[in-house]
Amino acid sequence: MNRRIAYIASNTFREAVRDRVLYNLIAFALLLSGAAILVGQISIEIEKLVVINLGLTAVSLFGVVIAIFIGIGLVSKEIEKRTLYTVLSRPVRRWEFIVGKFLGLAGTLVVNTFFMAIGVFLALFYVSHKFVKADALILIALYFIILEFLIVCSLSLLFSSFSSPLLSAVFAFSLFVVGSFAEDLRNFAGMAHGISRWLATAAAYLVPNLSAFNVISSIAHEQPVAGQLILHNTLYALFYATMALSGAVLIFEHRDLK
Amino acid sequence: MKSRRKITIMASTLLVLSLAASAFVLHCTDKLRPQATLDEVLFISSPTLVKRASLGYDGLMACIYWTRAVQYFGYRHHYYAASYNLLAPLLEITTHLDPHLIVAYEFGSSFLAPKPPHGAGEPERAVALMKYGIENNPDNWHLYYDLGFVYYMELHDYKDAEETFERGTKVPNAHPFLKIFAAQMAQHAGEYQTARMLWSATYQTTQEKQIKQNAIDHLRALRVDEDVDHLQDAVTRFGERTGRLPANIWELVSAEGLPGIPLDPDGHPYKMTPQGRIELRDPDAFPFATKGLPVGYKRKYGGMN
Amino acid sequence: MPAIEILGLEKTYSVGFWRKRPKRALFPLQLTVEDGEIFGFLGPNGAGKTTTLKLLMGLVYPTSGSARILGQDWNEPAVKAQIGFLPEQPYFYDYLTAHELLEYYGQLSGVPAKQRSHRVNEVLHQVGLPDVKGLQLRKFSKGMLQRVGIAQAILHDPKVVFFDEPMSGLDPMGRHEVRDLMDELKYQGKTVFFSTHILSDAETLCDRVAIIHKGELRGVGAVEDLTSSVQGKIEVIWQGTQIPAAMKALGAECHVSGDRVRAIVDEKQQDAAIDALRRERQQLVSITPVRTTLESYFVEKLRRAETTAGKTV
């Protein structure tokens, strides 16, 4: 890989760590251990269900919040604080900067998710005292969550490349919510007629389709995940993130840094 | 400058290609799991849990679940599905999220009770849904109508039907036809007439497309049944009078003094078999008709499990 | 081969959110800086100096025109490896220490890994920040940040350095050090292009200067040639509250404040003013040359242009 991209990525990671982003892990640990202890005492049948559902949902939500809040500042904050001037006056191309920033944020989230995953498995062990083969499904759910992060990161970065942090946050978060209901959006589109059907269908394909990434409730019930879905989701996340990043590069490449 | 143009071209190309690729993958994923969003209903079928999980945005969630219910039924009905397991939970979740969404109850009264492929075949849950609706909207006469309808049409429970219509008449601004229905339940008046009135009432009072179409289909079927009954009676009369069957439908028509061969609601003339049976030209066009079907005719059924 | 050739660079911004209006920040600029020169880019605030520097750094794109640095297209990464840039009031990743920041910039500029840490220590020493290890940049004062900014601009041993207002935020001592540093860079054979709105900074350092005002180039040449027409002034302060008549006769503007009097007179009248005070036995406190700013240079020039125009009418 291009060395400068790696340098920018690792600096982005360092920034997140120094900004105490990983402190969210403490909140996560408290939430999960509290829940594990509580459900361990009240319910016998569904404790495992609760730990998996709650744990993975928290992994996803915490990560999305981090992805959005760091992502929206990645470019706009550097422009605003003018830290970018001394970077871009070096032999760094603008697209390298965007890609490096993206990889740095994605790396931060992977590390964060890794620690959270350990937490989920610990809590699981605490309530059920053993691991069974079906628990490996959790790894697939975690993988999908990371894919989801890639999409959210790339979108926040895209918005960050032309908009203020606050607006970017609003855009990115709305798209995350809309994306979680993308299949319903496509159903709406299917019910419309004429030109509104075309527009709605186009919109439904343009927003990130995150519903397919949510397999939390099904794996909590030990339903297997189709191998084909893993392949499809991987491809979709890569293509979508590439699209959003290309958009970010296009916008950023033509921007004057006033 | 030159390198900047190169990057612009590359990024644009990449953008278009990856957009197309992502849409394509999405299309494939949809085929892979056609009812995917509904799967969750299998896991979280408790309406209360869904309400909690919607974090106060239950109005919006109700709309989403309502759309899912309509989609679910419409999609499966198109393929004459043999089961509609999720319809009841979907409607229950919808109405728990928004207890005042009257159209959801209407939908339930039309499609929960009838047997597949025209409904979920769960009249008890239909009744429970209506009762829940009445509890939450005691002043809405539609719900009394819907509940009475299920009692009469699906459960053939005339007593409860009468009582429900009667209660409905006491609601402020109740539609006057509720009184007529209550009276007809008491008299056990002619089945065709009552059924026609009920379906007409449904047709006139609903806005929902699928419910409206369902009412139309039933009304058309009722006319077919009645027509076939009349013509079959005429055949019997002819036999009693002459001691033989009419040679063809023309002979029957002239013997009865009719202006022409009677037409079905689609404008096709009815047929008569050499055995003297009156039959429809196109029985597929009348999914609810019970009379006039060719011998050995089977309804399309169970195209989807 | 000239170090910098600016070939008609021009920039028009569109301002306004809804109805965009064009605003010309820089008229087509033609300028050549020779190899090994210290070149001053002068102009009052808002004259277009920063815009020019940003255009040269590829931070903003020109409406038209181009530039060559070291004989190559100015946006080539190969060129960027050989230039250093200090932005105006620089700001850096404040979660890093100076060492980390310079290490990172060294990576981006392609300084070989083996030399990096040695080089970082060297430049920090050079800008007068030898003992800042472990201190995050958020704890740095404005002057220290300015020094870090200079350090990062010369870190990778560039052939051409661009400084935007290098003296701002520095105390007199710091200014002096920066001047020495620029002299040293010149001695090392580097080309220095710096912008400033303070004339005296340019006077002491520059081989040549360019003067820009309202986005337009007004003159290029040695400082003395450009400013000889403007007379300097001095400030005279003495003890007491009396203003000698001889002083008034010199056309001095006098202000009494407390037990001191402050008078501004033309540089040429310096001796006469001192004589006048001595005759009246006033106790002299200080005599200082008033620093001529570019603003006053332009005010002077414009005023004179107006009076000349008035006479001819």
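Chains here go by letter, A, B and C, matching the order in which they are written, and residues are numbered from 1 within each.
Assume a residue touches a chain if its C-beta (ideal position, glycine included) is under 8 Å from a C-beta of that chain, and two chains touch if they have at least 3 such contacts.
Remember, it's a predicted structure, so these values are computed and weren't measured experimentally.
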Third chains touching both subunit C and subunit B: A
Chain closest to the assembly centre - both centres taken as Cα means: A
Of all other chains, the one whose Cα centre sits farthest from subunit C: B
Intercentroid distance (Cα basis), subunit C paired with subunit B, Å: 82
Centroid distance [mean C-alpha coordinates] between subunit C and subunit A, Å: 46
Distance between the centres, which are taken as Cα means, of subunit B and subunit A, whole angstrom: 42
Interface hub residues of subunit B, defined as touching at least two other chains: 3-4
Residue numbers of subunit A (touch at least two other chains): 93, 254
Residues on subunit C engaged by subunit A in the complex (per definition of touch): 13, 54, 57-61, 77-78, 80-81, 83-85, 87, 89-93, 95-96, 104-105, 107-110, 149, 152-153, 156, 162
Interface residues, subunit B side, partner subunit A - complex: 3-4, 7-8, 11-12, 14-15, 18-19, 21-23, 25-26, 28-30, 32-33, 36-37, 39-40, 43-44, 64, 67-68, 70-71
Touch list for subunit A against partner subunit B, complex: 93-95, 181, 183-184, 186-188, 190-191, 205-206, 209, 211-212, 217-218, 220-221, 226, 228-229, 232-233, 235-236, 239-240, 242-243, 246-247, 249-250, 253-254
Subunit C-facing residues of subunit A, complex: 3-4, 7-8, 11, 14-15, 18-19, 81-93, 254, 256-258
